[in-house]
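Two complexes, one shared chain (subunit A), two partners (subunit B, subunit C).
Presenting the complex of A and B:
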């Protein structure tokens, strides 16, 4: 699997995602700078976490219009899989590649801790190594992770199995105390219509080392390697 | 020509910052504030001299970048 990671001024998790991709695939991803109008030929494009453009205007708003994003949109339209983590998810919603928006956390506080996620859909490039309903433990670190969308969009996401992950208690129940940011219906990650684009607020790449944060996130990268070789 | 843009969360979208400001105001003894909604204010200097064209351009800017119309509403004023 050849992956490209797009780095923006203010990205700060690109190394984490590069390490996770390399650990799962055995190949070092290419890092592309945001000003590059071209993205090299690859099987997967990743938008990492961080604070692109200092979160000016809105998180992800400026990055969504950078030259590399124009190239990414063209690739995504051709079916090249795209993964957006944290700020990457915010950028994908701002760019219109995923529906809805990510607002300030309901607590108004930056939240940085381990959370539990329930895998809502295992039939995808990104989640096939997990079982549907499986609970995994990964960290979150964000101030703007409060997912929202209109009722019509939420219904479509539910009906078509486009909700990838939900925040849950360790025993797998969606509950307010397990929701770190106030996201509607405890949504932590969603797919686009063709399930070739995944955006999620938590950081699976930071749960891919037994000595630091556990291994529950490796399944996402193994899924991609398995699907894309 | 100057343009001003107000961007606010749409009615019905929860505004926790506005709520926190409301609580702070009542804590300071300003009673009777029933709601606070917080937003952004932008001032633009435009080379355009035609009012209608200026307004159309700024509206396009709002749709594309200045507001996220999933959650935000905007108001454009042209003047000066």
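Presenting the complex of A and C:
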């Protein structure tokens, strides 16, 4: 699997995701600078976490209009898979590649902690290594992770199996105390219509090392390696 | 401001200079200064920049050792950690600004210390902080906690440096003067540590980073004066931080440092362009000429005075090799930051600053720095406090006392705070907040750095010398408990007004105690910061010499945490317990009594015990380890139980010791370990000459005391985790 990670001024988890991709695939991804209008030929494009452009205006809003994003959109339209984590998810919603929006956390505070996610859909490029209903433990670290969308969109996401992950208790129940940011219906990650784009707030890349955060996140990257070779 | 206003005695006083200091200035200048020149003397001779009250005492610290690559005097200290790498670290206060404007004050405190570390060529890998707030009942405390924590998080999270450890205390002495001490640890190549000494007359001086505005003018002078009710009107002197620019500046500087371009580099921190240019020139024994018309400016009509004294954030001053200006311009353009050639290194030995073609500042650098006032202020030693025997202290039911202590402000969980800090970014955090010390991996090696901040101000107030020693040995203990070999410390000395002999006595006592502990432990001081005048209307803070310790693990997979992970493990107490309740948390929270001599501190004993514990951790003999400090044995076991989700059954207190002394005494040099090999631990302890005693074993679900009942972990957790969120909501 040849992956390209797009780095923006203010990205800060690109090293984490580069390592996770390397751990899963044995191959170092290419890092693309935001100002580059070209993204090299690849099997997967990743938007990492961080504070692109300082999150000024709105999280992800300015990055969504960078030259690299224009190239990314063209590539995504041709079916190249795109993964957006945290700030990457925010950018994907701002760029219109995923529906809905990510608002300030309900607590109004940044939150960094381990959370539990339930895998809602295992039939995808991104989640095939997991079982449907499996609970995994990965961290979140964000101030704007409160997902919202209109009722029609939510219904469509539910009906078509486009909700990838939900925040749950360790025993797999969606509950307010397990939801770190107030996201509607405990949504932690969603697919686009063709399930070629995944955006999620938690950081599976920080759960790919037995000595630092555990291994529950590696499945996402293994899934991609499996599907994309 | 008018550049050439008449210098009246009032103007001199407003600039914080005494009559004698002004007379010295006149002697150095041999003429009346311009206002801008007066401003420069004022900030360079402020307590904050000149350490004029503490310097004679700071010199008594041990600062060298086989691992020390850079001791005090540069932007940060550096120690050798092998493999051609260096750990670079420093702690710094941002107390006064954080009280006036908590979010920006704390945020820019983090920004400043990050720059001190990456200026040295190090990539920051971790932030820590030590916070002191007033009484929870004080009307401002909640607002200050919220603002400071949000500010620290807002800055560090955005820059992408994990905030991995810290400590937070509450005490009425901080009602009018909170303490915000921020520490950064970075990694550099040992052969590529960048310094701040100007070299090579003719070399260009570059200004990089954010533009200069009017924020923070005279911040250093503000930080060198007592607070009064009017201080809050000084809000305009608090700088405003932009972590996004800091992140760009960090990446751009590290990228430029990888080229062969930089002669010297210094961050524009306190006193901005003034201190950075003066200090670079002074260290190199050279002069610098600056043209202020070339400084990137954010506001119109700024005078030389304002430009030189602005404390706008996220700026650096560089001296580059001949011809390297182009490399710098290219890299800073990539990161969309200003890069301006504003001057040149000269042989004149003078700081010559011009604006609009006119020389407005012309000061001889060496006397400005070398003849800075130096005071050996009179002091009186703090009166000795009587020892308090446990038998004379009210005895409470141990579990009742535990409930109260675990929910008390100082001992309650600080999860509400660290949840707001990204402590995981970088994916190298091996031990997260809540343990004895944080452990952060050195990427591409098996090594890791352990780091911690500690101080017990109530001990320092009761006996400055003992308290100073205790702050040092507690970091030593915490690092040893995670299996690290302590290497060196950085210190942040926070005190009241040094012009008062009793405060000066605290300063002297703490410094002497710290120095003694450092010498015995071979644990040198490599950087630090002093914050004095932490007083409001004559009320001083508790003496608070915060120590930041850094240690090395050769193999990060060998570290252990404090959590009890499974039932059936033996719990062993290492070290001697005499039941010392003087100046303890128990005495304060249960008996309502802030009195007595603090526990004796014996650095040699700490060394022997710490070496034993480190060996047990590294050898895999223990599964969990926790040092004993605030609250003593029972609080430590309760913390271990909550951290790992497994309880314990503890034997009754040994005969001959009052129960409350056994459970809550704060005797030093002690640890609790959990092990499947108790005989091996007892044998190793005997060989090391360290008392060891089996005190019980781990058990599911609750904490049980023989003959004194039990408490479920659920109840204990609700108490421990509940206090701070409930207080803040």
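We take it that the second predicted complex is superposed on the first by the 229 of 229 C-alpha atoms of A that agree within 3 Å, B and C clash if a C-alpha of one lies under 4 Å from a C-alpha of the other, contacts with A are read in each partner's own complex, and residues count from 1 in each chain.
One rule holds for everything that comes next: a residue touches a chain if its C-beta (ideal position, glycine included) is under 8 Å from a C-beta of that chain, and two chains touch if they have at least 3 such contacts.
Remember, predicted model here, so these are calculated numbers, not experimental data.
When the shared chain is aligned, subunit C comes close enough to touch A:13, but subunit B does not. Touch criterion not met for A:81: it reaches neither subunit B nor subunit C. In the superposed model, A:212 lies in contact with subunit C only, and not with subunit B. After overlaying the two complexes on the shared chain, residue contacts for A:54 are found with subunit C alone; subunit B is out of touch. Partner contacting the larger number of subunit A residues, of subunit B and subunit C: C. The part of subunit A that touches subunit C in the complex is made up of residues 9-10, 12-13, 15-16, 19-20, 49-51, 53-56, 109-113, 139, 141, 143, 203, 205-206, 208-209, 211-213. Remark: subunit C residues 150, 153-154, 157-160, 242-245, 247-248, 335-336, 418-430, 441, 556-557 touch subunit A in the complex. On the subunit B side of its complex with subunit A, the touching residues are 13-14, 16-17, 20, 40, 64-66, 68, 70-71. For subunit A in complex with subunit B, the touching residues are 57-58, 61, 65, 93-94, 99-101, 103-108, 148-150, 182.
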